Structures are given as structure tokens and as C-alpha cells.
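Chain IDs A, B, C and D follow the sequence of writing; residue 1 opens each chain.
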Amino acid sequence: MRESVRPDAEVCRAWVREAAARVAADRDRLTQLDSAIGDGDHGHNLDRGMRAALQAVEDLGETATAGEVLAAAGKALIAKTGGASGPLYGGALRAMGRSLDESGDLAAALRAGCDAVRKLGGAAVGDKTMVDALEPAVKAYEETCDLEVTADAATTGAESTMTLRARKGRASYLGERSVGHLDPGAASTALLIRALVTAARDVRA
Amino acid sequence: MKKVINAPEDVVPDALRGLAAAHPGLRVDAEGRFAVRGDAPVRGKVALVSGGGSGHEPLHTGFVGPGMLDAACPGEVFTSPVPDQILAATLAVNGGTGVLHLVKNYTGDVLNFQLAAELAADEGVAVESVLIDDDVAVEDSTHTAGRRGTGATVFAEKIAGALAEERAGLPAVAAVAREVNERSRSFGVALSAATVPATGRPGFDLPDDQVELGVGIHGEPGRERAPLAPAAELVDRALTAIEADLPLSGDLLVMVNGMGGTPLAELYVAFGEVARRLRGRATIARSLVGNYVTSLDMTGFSITVCRLTPELLRLWDAPVETPALRWGR
Amino acid sequence: MKKVINAPEDVVPDALRGLAAAHPGLRVDAEGRFAVRGDAPVRGKVALVSGGGSGHEPLHTGFVGPGMLDAACPGEVFTSPVPDQILAATLAVNGGTGVLHLVKNYTGDVLNFQLAAELAADEGVAVESVLIDDDVAVEDSTHTAGRRGTGATVFAEKIAGALAEERAGLPAVAAVAREVNERSRSFGVALSAATVPATGRPGFDLPDDQVELGVGIHGEPGRERAPLAPAAELVDRALTAIEADLPLSGDLLVMVNGMGGTPLAELYVAFGEVARRLRGRATIARSLVGNYVTSLDMTGFSITVCRLTPELLRLWDAPVETPALRWGR
Amino acid sequence: MRESVRPDAEVCRAWVREAAARVAADRDRLTQLDSAIGDGDHGHNLDRGMRAALQAVEDLGETATAGEVLAAAGKALIAKTGGASGPLYGGALRAMGRSLDESGDLAAALRAGCDAVRKLGGAAVGDKTMVDALEPAVKAYEETCDLEVTADAATTGAESTMTLRARKGRASYLGERSVGHLDPGAASTALLIRALVTAARDVRA
């Protein structure tokens, strides 16, 4: 088994940059997913939030730590995203930041982020939320320390929401009618994790 | 998309600037995105703060003023507000005896208000939160997100606002808001979807001969589609759903609420059907007919019913002076 | 066509039944098609009667009550009322000191009110009529039908109603209504047409990128089509047209009125632009933002401006208690 | 030159019946004409009014005179049509009724009806109203006493409104934009006069 990555501030900055770019590119797709089983704003929310996060990170001094970078991004996400995903993603990034500054270890940080989402939102795997992408991804990283495998697990997890009936979030109002649609938050989670792979690889290369 | 706006991203602050110009009795922070009553903070009075996605006007900004809310925090269109603005509003109206957050039960609203309440507590402000979840269209269980908050929000804001105006304490004001919520139920019917400025497309497609039963106020699709039917039948579907959950008798407060794009005459047609259906079984002691909890330009209506007690009726009748509700002074 | 109605031909009486159920303070004759304030006739008070096609709610039924109209006569949708109902309403509210007919200047309204006034005179009731013709979009000349009556109707009904409530005589009440009309101007902009229940089709086709400038409240096409533009520009077009006819300065009463299908937030955006454009040149002393003179589900807005005098301002502020306007009591 | 017809009660009843049928059949076309340059209700207004007129005439006793038939129809039109056309057509029929009971002569009655419309509405030929169909028809009958010629004159008059710019009624709000459309009231007038021809012929035959 590989060793868990110890992302530095540069990797974290690159992650936020890459994530913002991917969310901007996929904004309309994510919003469309949310139109089908939610209120049609997820892509726009997250795009607004990620642009603010990117700005906040760029406004940070050169000396900021990895943890400070994620904390700043998380705070901006909370301040600008709104909706359910704002506090959830913002809370996750802040928890990851705290964890990184303590341990420096990505596995621990990912677990901390996932715990934050689960604690804030109360959702478990199978509820058709971002947790369905996040939890398997974190588990995969814990087991393999392979970022590609982790990103694939997130994607597979996101796809698994297609057949689920939502029990949390706005899609839950649809009951049976939520089946047959991807969860927008799970889709964006897969995208954010994929951005992390790219960031880690590009910075190292 | 055809809208009277400047740019989609400016709708919320632009509308707040208009609100400020139209209502000198309010103090509006268009950048910070909240509106407070002009005389806030009112010393010794429990302050009421509510908020939620924009696009539901007059909810909540139209209900700020003596006898109702102390502050409202509008989020982006159909998107819950963020903790910063809720915190700023909370601090701006805190009169020293605590602040009540009236929160519609949506995950986003719940989380953002929760974060704001924690931040307010850090600053030494006592905050209590009451969740409004009156929409019977949604399955209610501990395993789900629970019911949505819709029309009962207006009732709770008005009645709790009246009690706060009488200088009741935070526990009592919170308790009466909870009581209103428990005694209220809502059900919505959409004839067509809303178009959010940012996306420019209707939130869902509804064939010309179908309605969405149990629709949400953020353009969430409802639970079931049914053929377009006469007003009497649509009202019957809504009231049947409500009565399955809350038997109706005694004195009622009834609102027939427009979704935004439905003419007032149609709302009166619907209200006439509500009155006809309840005749002999319950008394419509008070009523509201109009656009109170809208969903942008969605067409359709919702019905909200509250089983009044004499005390709730007294508080409903108490003076109120806001842009959208005004009586008794 | 998707509407919350039972049958197209029943919309008017069905809505009147709902009005009656919602407002115990009114007396409604759904068959005879008129609504009067509950305490009519008020002995010794000049009575105000207005009316016009349905589909403009709350105009006129929503303005019946102390301090405003004594009676309203809704015709079929977008069709002027008939003499019988106007006569019945006139007789029902006559308090012995004469009746004022407030008539929007449309050939149909003028003719039908005129016939009703003649019939009332036959029964010994003194009737005076005041024509409202505030819409600057229309060419005004003795060779044409003249300008249409739109938003100024609300101002005239409120202000003349207040003077009548003070027991002024018929000539004085008629004079103040005329004064309001002379000091008021309106201009409307449509983004999409209304759909009349009887026909089930939009009254006109408007491409997705065009607006109808100077639209009428009965779905009459306007004078000019222009590209869809930001709110600031649409407001500018409207105010420019108004100011070409009535220079604006001093204390103004300003209404930004919704056509029925436009969300309140957009009306506030428009009002914000009005305020910005008038800043430094005139004072918005009082305002209304909302749906007051609608055209069913038409989208768009109109602006009405009245140059106030101290006396008109005093009468505007006087107590009013109607379904749609309520303050001071 | 022929002699002016002296329509009896039977002809008048037949006229109302025939007119009601024609208006019902052409209701949507008339409303559509009104949509183009008015408020889109003319066919529906007149249909509602003519149904009431027909009912009123059928409720009349056997002994009603020609004048009484037209007076009843006119009163019903005023009571049920609404809009501009209700008082105008209703006033015209009542004036015709009075004239018929006085003189018995159709030429005089038609002139009385036309005068009533012109007095009530203040429109002259060329203003793009029903007067553009009515006035030439009445003149044609005065000159020829030939009902076919009269009906043709009404039709020609109605068609002449196509190129006119409206100065009265709702179409006047359109100014130049009213040019190129038929006036709905002129169209319905042509139709009502055509109904009179049929009624007179059918009753005599």
C-alpha cells in the first residue's frame, strides 16, 4: 500500500483552483440535475461559492498553511454558497483544514471532512446525498492511498444514487419519484474529488 | 426569459434597494442583504428574525415591521441565506432579551440558521429557533428531511410577532410560534413552473393538461401529477390532503395563497370553493387571499389552514404594520 | 389554457362568491354582479361607485370599504359592466346626497355608465361622473377616443373616497377626483400578453426578445414594440413618456404596479430604478408597489405618478379599510 | 325603385334568430379580429348578448309588435353584452324598434338605428368603426330598397376599414398600427345586416 499524501499549501491552493474551474465548467449540468429532483440551483450555488473560495484563497498571504488555505475556502463557501451544499461543503473544508494543520495527513483530513458532512446533515450512505460519493471515496483512500482509485470510488458512488430513493435533502420530497435521477450533490462531490487528484498530480509533476 | 431585472445576479440587491425606497419605515442593507424595522433594536422586546431564499416575496421582507418581524434575510433566489447575513441581522435587532429565529424546514435553511445561531451565541446573544414544517405533501418521518415550511410561516411570524410586541419573553414567543406551526397545515398545487433568473428556464415541465399536486415553493416538483381539473376539484384534493393530517373544525384561519403568476380573481374562485367545502363543519374566522408566499412566476395556489384558539385569534387580530400586512393601526 | 377556475363563463360570479366569503365587511351580490361596503348606504355621505371589466383585480372590488369605494361593478373579463348592475349598485349605496361614478375612459365603460346614470336620474338619484384618462401612451385629441384610464383610478378612488368620508358634497368630491386625474399620468410595459378565460389564448404574440411599450390594461397592444431591455431602461422609457406630458417635481405619489404575472421582487427592482431616476428632482412622498391594476396573468408593469398637493397628501393618508388597501385604522 | 319593406314581428323575430346563429358561428373570428386591434372579446360579447336577445324575444308574448320585438332584443343586448358594442347595438335596435312602431318602414328604422349609433358613439364614416359598415348600408337601402344591395354595401363598408386608421374605440390606441386590420364591429355589422336579408327572404318565402 502507498503512503497517504501530505498535501502542502500549494496542493490545497491548486485544488481550490481546479475545483472552481471544474464547477464553473459543469455549472449548468449540476443545476440541471438539481432541477430534476430539487430546486434547480446547485450548480449556480456552488459556482458562486467556489468563485468566492478561490478569491479568498488568492487573498491569503504567501505564508498561509495548508490548513489555513482550506479554512479560508470553507469560510468563503459558507458565506457565499447558501443552500444545503454551502454549509456542508464549507463545513467539510474547514474540518479538513483543522485536521491537516494537526496531522498533515490527507487520509485523516478526508475522514474529518466526511464526518463533518455526516454530522451536519445527518445523512448516511444510501440516503441519496453527497455522502454516497464522499463516504466510499474516503474509505477507498483510507484503504489504498491511491487518489485515482479514490476518485473512481467517488464517481461510482455518485452513480449509485441513480437508483436510490432520497431520504435527505430536497429530493426527499419527491419520494419514489426521486428514483432514476442522479443526486446533484453526489455528482459535484465526485467532481471535487477528481479535482483533488489533478491538483495533487500537477503540483507534484 | 423575460423579466423586469437588470442582471440575474443583481436581482436580490436591486429589489432590496427598491424595498428601501418604497418603505421608509424599514432600514435596508442591500449589500449585507437584510432588512430590519426602522426602530430596531427595540429595547426589551424579543426580536424575530426570519429569512429564506428570495423569490417568495412578500415573504419575508414584506413582513418586517411593528407587530411582526424585526428582520428578514433574503438569500439568492430559491437559495437559503448564508450565516453572515443572518448573524448581522440578528445582532442588528437584538434588544437584549433574546432573538427568535423562525426557520422554514429545508436542509439549507436549517444549516445556515444553525451556523448563524452558533455565531450569535459566541457574541452573547440568546437565540432560539423554531422550525416551520406545515406542508402535508411531504412524508414526515425521522428518517427523512421532514416536511417543508410554507404558508404557516406567515401565521407564525404574525402571531409570534404580536406576542413579542406585548413584551412576552423568548420562551413564550417561541412556544406560540411552535403552537401555530403544530396547528397549521398546507398543500400546494402548481399549474406551471417558476423560471429562476439565473437559469432562465422553467424549473420543471408540466404538460398543458396536467397539474403538480403537492408542489414545493422552491419549484421542487410535487409528489404527483394529475390532470388539470376545475377549481372545485383542485381545492378538494388540497383540503383532503390537509384533513387527512389535521381534522378541521372550530375556528379556522385560512389562507389561499397565490404562487405569484396566478390572477387574484382565480384565488378568490379557489377561496370560494374552500368556503363551500368547509361550510357547516368549521368556521373561517379569519382569512387571507392573495400573494403571500410566492414562487416567482409560478402559477397555482396553496391552501394553509390554522386551527385557532381564542388566544391565537387575539394575536392574529393585534395591530401589524408591514409592507404586506397592515391593520389595527 | 391553465387557470384555477371552474368554467370560463362562471369566473366572475365564482370570484365574487369567494370575495364575499373572504371579506365579511362587504356585501356581495354575485348574481347581480356588484359588491358594496357592508354598512351601505351611508346616510349623508356621497357614495362612490366604480367598475369596469374583470381581470384587473384588486381593481375595483378590492377597493370597496370605508374611506374608498362604496360599490364596485365588475363586468365580464376585460369587458365593461352593463347598465343594470351599475344602476343596482348606484341605488344600493345612495345615501341621499348623490353618487359619484368614477369611470375609466373606454368607450364601453363610458357608454354603459352613461346609460346607468340616466336610469339612476330617472329614479331621482343625482349622479356625477368623472372620467379617468391618465395613460400617456395614447394620443389625446378631440377626434379620438382619448386616453385610457389606468393606474390613476386607484389614486382617485382613494382620495375622493377620503373626502367623501369627511362628508364633503358631491361637487367637491367630483372636483377632487378630477384634480387627481389631471395631476396623474401612467405608462405601461408588457413582457407577455394576458390569456382571457373565454378565448384561452394570449391576447397578442410577443417575441421572446420584445416588449410592448404603452400596453393597455385590457390586453390592447401598445403603441410600439421594442427590444427587451434591462429594468433601468424600461423604467426610463416609461418615465420619459410620462415626463413629456407632466414635468415631475415636488411631492409625488408613485405607484409601480404589476400586470398580474410579474413577481413582486421585479416590481421592487423597477421601483428602485424609478427612485434612482427621480432622485434630486422630485420627492417620492408616498408610494405603492404591487399588483393593484392587473391584466390577468400579463407580465410587465406600469408606472403611475401623481403630483401631490398638501391636501391630496392629507387625503391619501386618511384611513382606509378595504381588502387591498388598509391603513390608519 | 322597389318599395321599402315593412317588416312585421315575424321578420324581426327571424332576424334576431338568424343574427344570433350567425354571431355564434362567427364568434371566434370576430373575437380574433378584436384581438388584433382591440381587447379580444367582441365575438364573445356579441354572442353572449345575442343569446340573451334571442331568449328575450322568445319570452315575448305572441302579440308583440315588430317594434316590441326589437326593443326587447335591444334591451337584452344592453343588459348582457357589455363593452362598447352592447350599448351601441342595443341602442340601435331600440331606436329601430321605436321607429318601426311609429312608421312601420324599414328605411326609416335603419336610419334611426344608424343615428343612434352615431349619436352614442360620436363616430363618423372613416373612423374605423361599425359606422363604416352601417352608414353605407343604410344609405344603400334608402336609395335602392334592395336588401341584397344593402348587405353588399355593408360588406364593402366593413372591408373598407382594412386600410383605415382608427380614431374611435379601442383600436384608436394603436394609431398607425391599426391600419391593415378589419374593424371587428364593422365585420359584425355586415353580418347582422346579412342576417336581416336572410330573415326577410325566408319569412316571405
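We take it that a contact is a pair of C-beta atoms (placed from the backbone, for glycine too) under 8 Å apart; a residue touches a chain by one contact, two chains touch by 3 or more.
Note that this is a predicted model, so its numbers are computed, not measured.
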Would you kindly tell me how far, in whole Å, the mean C-alpha position of subunit C lies from that of subunit B?
29
At what distance in angstrom does the C-alpha mean of subunit B lie from that of subunit A?
31
Centre to centre, by mean C-alpha position, how many angstrom separate subunit B and subunit D?
54
If you average the Cα atoms of subunit A and of subunit D to get two centres, how far apart are those centres in Å?
74
Per-residue multi-chain contacts in subunit B, two or more chains:
none
If each protein chain is taken as a node and each touching pair as an edge, is the resulting graph a line, ring, star, complete or other?
line
What are the touching chain pairs in this one?
A-B, B-C, C-D
Quick check on the complex: what are the subunit B residues that touch subunit C?
2-7, 11-12, 14-22, 54-55, 57-58, 62, 189, 191-192, 208, 211, 228, 230-232, 234, 256, 260-276, 284, 287, 289, 291, 294, 296-297, 299-301, 323, 326-329
Please output the residues of subunit B touching subunit A within their complex, sorted ascending.
53, 75-84, 106-108, 111-112, 114-115, 137-139, 143-145, 148, 196, 198-199, 201, 203-204, 216, 218-221, 223
Subunit D residues touching subunit C - in the complex, by the definition given at the top:
28, 31, 35, 37-41, 44-45, 48, 78-88, 120-121, 167-170, 172-175, 177
